[in-house]
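I've put the structures underneath this note.
In what follows, subunit A forms one complex with subunit B and a second complex with subunit C.
Then we have the complex of A and B:
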């Protein structure tokens, strides 16, 4: 299979997956259509008012029609209008998503170098003191739910000593970069949990490679230390490491909801959490679809990147 | 002392220390589970009755102080774990049942027939589990059953994958092929040839799923999904009491500490079990099986 056929197949598979996920999103949120009506019309609404609301929201038609309409709109870049405040969903996503992407990018920028260095250092001498320290540390952190980690960081750095702001308020009309101190705690939370997961994966892969005959041969030739790690082990560990980081990026999607909620950071995750709390079904569906598309795109990219970085995939396959 | 003898002593000492650590971890797990399950019976006060000012420190009659509405914190901590661990246990049962049925069936199927189903399973595994939770909570607001279903479905793909792998390994064995050739039914095959060989893996897998399920169930409470106030819930308590952490940190720290201790202890136990199974020491590595 040549390279283009491979790309094309992956793209088609990704598109099929997105359609399947959109069905899951729509099905899960529309299981009980009555709830959206009572949420909008209020608990004291009469039956006529409820019927009027149902008609206005288009909920009187059958689910298949509504799904096709929603999916068709999504293809044209129109995700409908939220119940609350009647904001177009695409507008909300457009306003909030960049904030979350900034958070994720900064967290990745911290995670990647730390995880690669720690994973290599631990995996090169499996069972040594560095390995013990790194493995124990990552095991402890990987066990913490993200909201506990966020709360502990908040309590230790912001609430008590007051070193950092407790609430990540973005200046009106500005971007989060105008007040960089608000980014520290959210990024730190995402990075710490990401580092714990990624380091474990990279360490395991490095330890496997470090035990192979060709590494032993390199050692016997007198190659040691950073040169051995960077020139001989890293190229073969990169592919799996990229895939591991792809998984971490996927986890950032879920982590963003928690972290943005804890710190009150105005990103897509907090918007989603609030939409769920107010049962704003179109907003929930739209944000979920966008997040799924992003997760699939990241997965596709990391797949391609891992393939390109794999030293064995030089020729045609 | 010769180097070899010294090496032997070090090796002999290491397992003993590891086993002590494993016992401490097991004790912590049991303690947290005990508080969660038996807490409501031990609690002497109502978890929802207002007994003092908000965020009071520990004092007479209120051993841990009060929470953000002036309710007895000790009673709330004792009541708050049952829902978290209950939902997590239900979700684990669901995930393991799905994993067992799906994994064994897919493992016994031909590669070509199983492939499309595994694609769907992988897709569900990629889906962020928190997103699944939020979607189900939108469809059925305030329902603990929806949280349980979402957590179970989020955990199931991993169970299916693990159980399918061990089933395939077992099914490649000669006695399974003999049983097939003899004309045994698929049920008999699964029950008498496959199950005895995969039972250990299934149980270990259920343990790992349980930790993940506790994470998700606690996070669900923290995000306000499932049954709402005034029921006590360790995850939600952290959120509710965060604003007053400077006045009385206990309402935030205690639930966080319980959840953390449980997760870390289970992870260390799982690590210990994995090391013992994979350990090169063979017989000396598993004296306390």
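Then we have the complex of A and C:
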């Protein structure tokens, strides 16, 4: 298949997936328990006041009309206005998303080298002592819920010894980089769980490649150790490894909800959690849609990258 | 290799004993061997006799699960079973070329990188000698490969099969090894590539570059290259018998059911006889065919690879499906057993129409048509012992009671001439020949009417191949089993009473059928 045809097909598939996801998001918020009208109008509102609020929010129209209006606005870059504080959703996303992306990027920067090295080391000698240690360790961590992991790290590094702040407060009007110490715990929590998942995926692929005739041939030519792993195994494991890391990246951006809430970090995940708590439907919808779009974009990019890295696909020439 | 303190012999093996680390009978039972500079020694023997283990011991390599028990190996005076010795032996003294040499090329690396690595890792070049780049270019030119940059930037999948094989040979010999170990280098190759490799190795031998140890059952290759031939049997080295280059079929275990000991054609003088086609019971026209396939059409994706293929199999008969590789033989086989979706066609078994889609076949029809796949490594579950492999079709497909099935397992093993002690082994603990017999026994366990054999002998040595073909012939006589035999080997096809030749997915009218594969053993 021609490279451009491949790109085009993936783009179209991504767009279709995004439309389907937007329907799911809209449907899910329709089903969300609780009533935005009660939340906005207050518990003591009279029936007339409630009707006025309903009309003002446009909730008196049917769901299909509201979906089309919302989706059309999203296409023009307008995600509507939040119920609370009447903030435009795009403004909220614009303010919070960079913080979360910074968190995800730092976590990824830690995850990639560690996962590649650990995965290669374990997979090169499948069934050996290194493999047993790495596999058992990653299994343990991968099975641990993120909030438990975050609590453990908090206890070990912040609460007891007081090395790091327990709450990741961003200085007013500043960026998280002004106080780098607040990033350590959230990044560590995200990275540890990312490393566990990515290492397992890379290890499995490495073990498969290490058993091939061409790797045996290289061993019989006297190629050993890091050279065998990096020059002979890694080129073949790179494509699958990139895809594995792509899945992890999607999870890092979305998985920030728990971590940001635990550490009180002002990212988009925490904003989403608060929006759900306050029944701020437009904000929930907008943030969820942006997160879905980011995850899809990352997957699309890693697919293209994996293809370019695999010499057999005809991508890299 | 002609450097000063030249040891008397390049290879010295003394009373080498290698066996399973977990205990059990040894794989190598004390062979001793000396090989001198410039000498080419050929080893042959049945699969499972320890040939490959002996060859790999020269590089200090033992397959997983095996352990060195006693004895010594010296290559150029170095012990390859020490850590330092292994590294020295592998990086400049001994080179290895295995089955299907091109499979040794890493698909993720460019040829230039592989060649430079092989050149760099060789012993330091003599001062004033040619540099790495010149040596690579010279070696490539010697085997008629391009030396330009564009060629070196290619990946292995971007060159032809013949070029890949020559590139693998260059990589193995670039460091000018004292000893070149070749393990069945032609068994995975078609005839043209095998002849080409044979010519290249012959040229190398005439150039006097080091010693060669050749493990092969390819008589032409042995005849063209070997100074000396030894037979490997049960982990020992024996002088060749009177039939030097043609191992006879294995002697049958005596404990076979009497009903199976029917007069089979006596082995020919050279052991290369075509297995005798037994006369089908009764004139072939008098009884309706047991299996009839008409107008089969199938493809991969949008590409039609098989069209208008029809074949019939007589009761107790054998129909061969022949053709060059890529002609669609395996697709037809997979359509017959319902594993490949057919676009059109009609299949009747004993007069009943059978759906081409496996999902719509009754359990009875599934049992009646069984496939023996080409690659016994892929066909058997690596984690499943032989006993469970054979029990599953017996208890599952045939619904036998556990006790009955357990005794039937032993009968099946006897039928395929395997000892009962293999029952608890895993596939990787079996030799290639043993594995293929287990593969066959599993298909027989279902109690099939028609057995579809897809290149079942192509990875086997002559003796094992003949034994498998004899076994099929016997099953046809005694059990009335019908066989569809797919093979590019003319000698295997000689066992058939009907031959259908495919060319690019279309049947070739009989009469002007080419003879693909030729008579090479």
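Here is the rule we use: the second predicted complex is superposed on the first by the 310 of 317 C-alpha atoms of A that agree within 3 Å, B and C clash if a C-alpha of one lies under 4 Å from a C-alpha of the other, contacts with A are read in each partner's own complex, and residues count from 1 in each chain.
By definition in this document, a residue touches a chain if its C-beta (ideal position, glycine included) is under 8 Å from a C-beta of that chain, and two chains touch if they have at least 3 such contacts.
Given the structure is predicted, the values throughout are model-derived calculations rather than measurements.
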Subunit B versus subunit C as contact partner of A:156, first or second or both or neither: neither
**Prompt:** For A:21, is the partner it touches subunit B (first), subunit C (second), both, or none of the two (neither)?
**Reply:** first
Query raised in the report: Does the superposition put A:224 against subunit B (first), subunit C (second), both, or neither?
Result: second
Open item on the list: Contact-wise, after the overlay, does A:273 reach subunit B, subunit C, both or neither (first, second, both, neither)?
Closed with: first
Margin query: Quick one: is A:133 in contact with subunit B, with subunit C, with both, or with neither? Answer first, second, both or neither.
Written below: neither
Partner touching more residues of subunit A, subunit B vs subunit C, is chain B
- request: Scan A:235 for contacts with subunit B and subunit C and give back first, second, both or neither.
  value: second
Residue positions on subunit C within touch of subunit A in the complex are 56, 59, 61, 86-87, 89-92, 95-96, 98, 100, 103-110, 113, 117-118, 121, 155, 157, 171-172
As the complex stands, subunit A meets subunit C at residues 213-224, 231-232, 235-236, 238, 310-312
The residues of subunit B that touch subunit A in their complex are 120, 123, 126-132, 134-141, 211, 215, 218-219, 222-225, 235, 238-239, 242, 245-246, 249, 252-253, 256, 259-260, 263-264, 266-268, 271
So, in the complex, the side of subunit A touching subunit B is made of residues 17, 20-21, 24-25, 28-32, 35, 139-140, 142-148, 151-152, 154-155, 159-160, 250-251, 253-254, 257-258, 261-262, 272-273, 275-277, 279, 281, 284, 288, 291-292, 295-296, 299
